[in-house]
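Same chain, two partners: subunit A is paired with subunit B first, then with subunit C.
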Partner chain A sequence: MSVALARRWLHAPARALLVVRSAFRRDAAMKAAPVIGMLVYAWATSAFVASSVDGYGLTASMRVISALPFVAPICAACSAWEVGRLRRGGIYDTTSCRSGLTVTARQIAPTLAIGVAALVESAVIVWPEVATGWMSPEPAALAMGLAVLVGHVAFGVVWGRVLPAVVAVPGSLVVSYAWLVYPPALNIPWIRHLTGFNDSCCLNIYKLAPGAVLAPIVLAVSVTAAAFLVLSVRSRVLAFGAALAVFASCLALAVSLVSGLGFDPVQPRTGAMACAGSFPRVCVWPEHARMLPEIAADAGQIAAVLSHYGLTVPQQATESIAPRPGPAWVFGIGLQDSPAQVRAQVAAGVAPSGPPPCAQHASWSAANSLMALQAWLLLRDGLSEATANNWVIPDAMAIVHRELAKPAASQAAWFRQAMHAATTCAAHSGPGLP
Partner chain B sequence: MLKWDNVVFGYKKRYKPIIENFTYEMRAGVTVLLGPNGAGKSTLLGLASSALSPWSGRVLAGERDASQRGDRRAYRAAVGWVPQQVQVIPAFSVREQVAYFGWLKGYGRHEAWDRAGTALEKLRLADAASARVGRLSGGQLRRVGVAQALVHDASVILMDEPTAGLDPAQRAGFRDLVREVGEFADVMISTHQTEDLAEIAQSVLLIGDGSIRWDGSLPDFLGLADGASASQQAEAAYVRLLGSGL
Partner chain C sequence: MRRTQRTWLAVSGPGKAGRWIEEAAAISYWWRSRCAGRDLAAFAAAQTSIVLAGTVAIPIPTLTGATTPTPVAVFAPLLLAISVATGLSRRLGMEDVAVRRIRLIDSTWILALAVAGLAVALVASGRQHIGIIAGRDMAGYLGLTMIGCRMLGNQASAVLPVGYAIVSAMLGYNSGTIAWWAWPVAAPGDSAALALALGTCLAGLVTLARSSAARAMRT
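Up next is the complex of A and B:
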């Protein structure tokens, strides 16, 4: 080992200490880090964040990045401050051998690192709180969160490069925060999906629509590209013209990606399921796999009841809401559900869970039939009256009690008729049906 | 060596250029660039530093052309520039500020840090290395500006009105500094204060309206006029030349 190298090794700890001390003195993000850390901790440990995750990686990932409103605006303000400091220090006008882009990247690197660390902190707190076993994170959601963070930092860069610090720093903080939290509060579905912030996403029967993932990424990339242009093109007019053009075209693309989405930017979840049994074949999402034996037994029991009454037994009982041919037996369960609740969900799943799609355009008046069907299934499955009462209104229970007093063939006929009424819009009420 | 080759430059295309067909090759040692306010001194240094780009013509450091993208990095590494207003990042210490300029000039962080220490020692600023640059006096700031120009071993150092705003004691100190810097780099200093040049310059370049009015050695310049002291001679020569053509 050379003498110079040995000296460097000997000086390394002192040098590292100096670097850390200097970073705390010089970097706005280092000063802001404790505040960001505390805000993220308070948010990530709140009851809301851990609720309704149900072992689903996407929901957990979205809860992790739901800390963005506490992270991204402060990072935007820090980057505006750092870039403003370079501007005031005349660094962009010096005869540097490094490009403005490189110089800026070095200056905002700590800010970006603090932002990423805050999201990691969020993950480290949220994950153990919500995970009930192995839970794979959703890479698309996390990538979206990172892209949004980078976009907000780039936004701060543009403001810091152009405006005086007294405007750029508070301005970027407020605008960045408002952009994350205000659009999701609006009654316009598509606008809320541009921000990348969606703390209520998603039930485990859904996955994020690709447009809802891509739109915030496209916008973040456009803001980053705009910052790139502002930093690297010498002519101000040209730089701002190009930056505006890039942003406007990306905004148009992003809007087109989310314009068809409803209030929840989701589509039916697909992917591998854990399955058991053959008639019916019971399939649940992987996070519910350990409940599968009980669910398969419950499903077998209700299938036996249906067979006893000569009713059609759907071939598959599943948690997936993806459309499929044939009669649907779709149930929804949660990890926190009691065995009785699971059994009730599985039994009631034979009946539709809500109005048919045609009800959006035509009249449908079989709500009581639907509830009566569910109540009949619960009671025939051996569940208690009290459990059934929790599911349906008294009118529906009255119908069921009348039917239960009749012979099996009559009950089967009523079941078929009620099922028809519940799944179509042109159905008329039959005997015993409201 | 620095060379302006048929350089044309103006700040607005719709106006007449303020530097027209300017050709000059810098001499070794310390050259003082003289001229009245508005003569184009800062513009010439700005072009030489590559902070400005000529409309036509070339500014060369050896074979490296400041306007050529491929040459610019090497050009900027060879030329150090101390602008009229030395701007700093207030939260930085003196050594951090100088090291940062070393990094800007292409060195790695560790090397820039070591070089900053050496540059500060050269300029006898080592004691102030930990001081915040935001709290320095005008004279100390100039020294930091020079340290920034020295941190990357520039072969040419350009100083734009370095003594403007300094008190007499600071100016005397600065003249000593320029003499020291002149020992390891060629220096060009713009000023309109003739009393400074007699003690530091080996060559004089006098410009007016963006073109050369006089170019030669200091003794030749001083020989243009009589005076009791070198600075009075210089002032008289300056007035005589200005009066002859400006």
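Up next is the complex of A and C:
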């Protein structure tokens, strides 16, 4: 090894130290990093973030990226500051050996790295808090979070390139923050799905609608493309015209992706389930697999009750709300539920959980019948009256007590009639029906 | 020397009238160098948004997990703070040794904006509690902008009021109560918050009156 090479190797750590020290001295993101780190820590350790995750990877992933309002605006402001420095230094107006795009990319790389590190910090804190065993993250949600972060950094770049730093830094901070937190305040349901921030998503019976994932990514790509154009095209008019055209067309595309969605950008969850038994076949989501033997025993017990009364036993008891042919037996459980709560959920799941779809367009007046059905199932399953009282109103309990005094055949007839009333929108009348 | 300046000096001559004309010319230069007209436009825009938004509130996620509605009146005055910061960023180092007390003119102008903000917000908003929030926050943000000039330099001065407003909205609410330091999001009847905001404005004015433009340029 030559002396020069050895000297070079010996000096490498010192050079690296110089680069790091220089970055810490001059880089806005490095100065903001402790603030971002503390905000993310405070958010990720709050009780809200760890609540209601129920071992579901998508919910946990959405909670990880819910730190974005505390990260993305600061990163946007930092990138605006860095680009503002280049602008003040006349970098974009002079002839240089490296393009403005290259210089900018190197300048904002620490900002982007700090933003990604903040999301990693959020994941490192949130995951052990909510995981109850192996829990696979949702790549689409994490990709959306990263894309949104990049989009906000690019947004800061555009502001820093166009406006003086004194306006660009606070302006990008406020606008970026408002874009993330203000849309949920609006009564327009779809507009909130453009931002990529949704801290209440999702119950484990749902998955994110593809449009809600794609729309923020499309917008982030459009802002990044706009920043690319503003930095690389010499003619200002041409650059802004092209940037505006790209952003407008991507905005139109993003709006078309989410315009059909309601307040919650979800659709019924599909995918592999853990199943046991044959009649009824009991299926739960993978995160509830360890509760399967207990649930299968509860389902077998209520199936025996139904058979005793000569009632139809649905072939499958499941957590999935995806539509399927035949009578539905859908229940919802949580990892924190007690055995009595699980048993009650499984038993009551034989009856519908709410009004039928036709109730959105036609009148449906079988709410009491529905609750009476649930109470009848709970009591016949051997659960206490106090448990049943927690599920239903006193009017429904009165109906059930009246029916329980009758012979088995009469109770079965009432059950079929009440089930028909609860699942259709036709006018009904009969014993014990409203 | 610009043509207008030569004209002013030519017509001023000796005597009291001449001195007044010179002063008017100086103020005219100051007005243009600070783009004070933009401050007036920002002032009008802030007041208009306060009146239009009324009681509309932004549900901001807080670090406790709760979402707290914060009135638009908390954020609208930031427009004026950013505009004033832009004006202050145009200060020159040579102003430190100027004959005229330019820092005093700056301070007086910002004080006038703060007082006018409080008065107009109270009268024009039509909703007294929103008006008090807007006026109080406008004064406080202007104070923070002036302190920001000293702490962070001319170019980053507006980060202080903007950051303080956002941090107050995120961290100021704690299980139904508002932290003593979070005056931007405090209730309109909170006299301690009002005193803190006005104290911040006063501290900012003193800081600006004693600050060095040359140093703020270097920061």
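Miscellaneous remarks
Here is the rule we use: the second predicted complex is superposed on the first by the 433 of 434 C-alpha atoms of A that agree within 3 Å, B and C clash if a C-alpha of one lies under 4 Å from a C-alpha of the other, contacts with A are read in each partner's own complex, and residues count from 1 in each chain.
Just so we're on the same page, a residue touches a chain if its C-beta (ideal position, glycine included) is under 8 Å from a C-beta of that chain, and two chains touch if they have at least 3 such contacts.
Quick caveat, the model's predicted, so the values are computed rather than measured.
Partners subunit B and subunit C, once the complexes are superposed on subunit A, both fit on it without clashing. Judged by the touch definition given at the top, the superposed model places A:84 against subunit C, while subunit B stays out of reach.
Centres of mass aside, this uses C-alpha centres: at subunit A, the angle toward subunit B and subunit C in the superposed model is 50 degrees, to the nearest 10. Between subunit B and subunit C, more residues of subunit A are touched by C. In the superposition on chain A, A:165 makes contact with subunit C only, not with subunit B.
When the two complexes are overlaid on their common chain A, residue A:305 makes contact with neither subunit B nor subunit C. When the shared chain is aligned, no partner comes close enough to touch A:143: not subunit B, not subunit C. Of the two partner chains placed around the shared chain by superposition, neither subunit B nor subunit C is touched by A:274.
In the superposition on chain A, A:95 makes contact with subunit B only, while subunit C stays out of contact range.
Once both structures are overlaid on their shared chain A, subunit B and subunit C have a minimum Cα-Cα separation of 7 Å. On subunit A, the surface patch touched by subunit B in one complex and by subunit C in the other comprises residues 88. Touching subunit B in their complex are the following residues of subunit A: 8, 22, 25-26, 85-86, 88-91, 93-98, 103, 106. Note for the complex: subunit C touches subunit A at residues 56-61, 63-66, 69, 75, 78, 81-82, 85-86, 89, 154-159, 161-163, 166, 170-171.
By the touch criterion given at the top, residues 39, 42-43, 46-49, 51, 66, 69-70, 73, 77, 81, 84, 88, 164-167, 169-171, 173-174, 177-178, 181-182, 184-185, 199 of subunit A touch subunit C in their complex. Put simply, subunit B touches subunit A in their complex at residues 49-51, 72-73, 76-77, 79, 81, 83, 85, 87-93, 96, 101, 103-106, 110.
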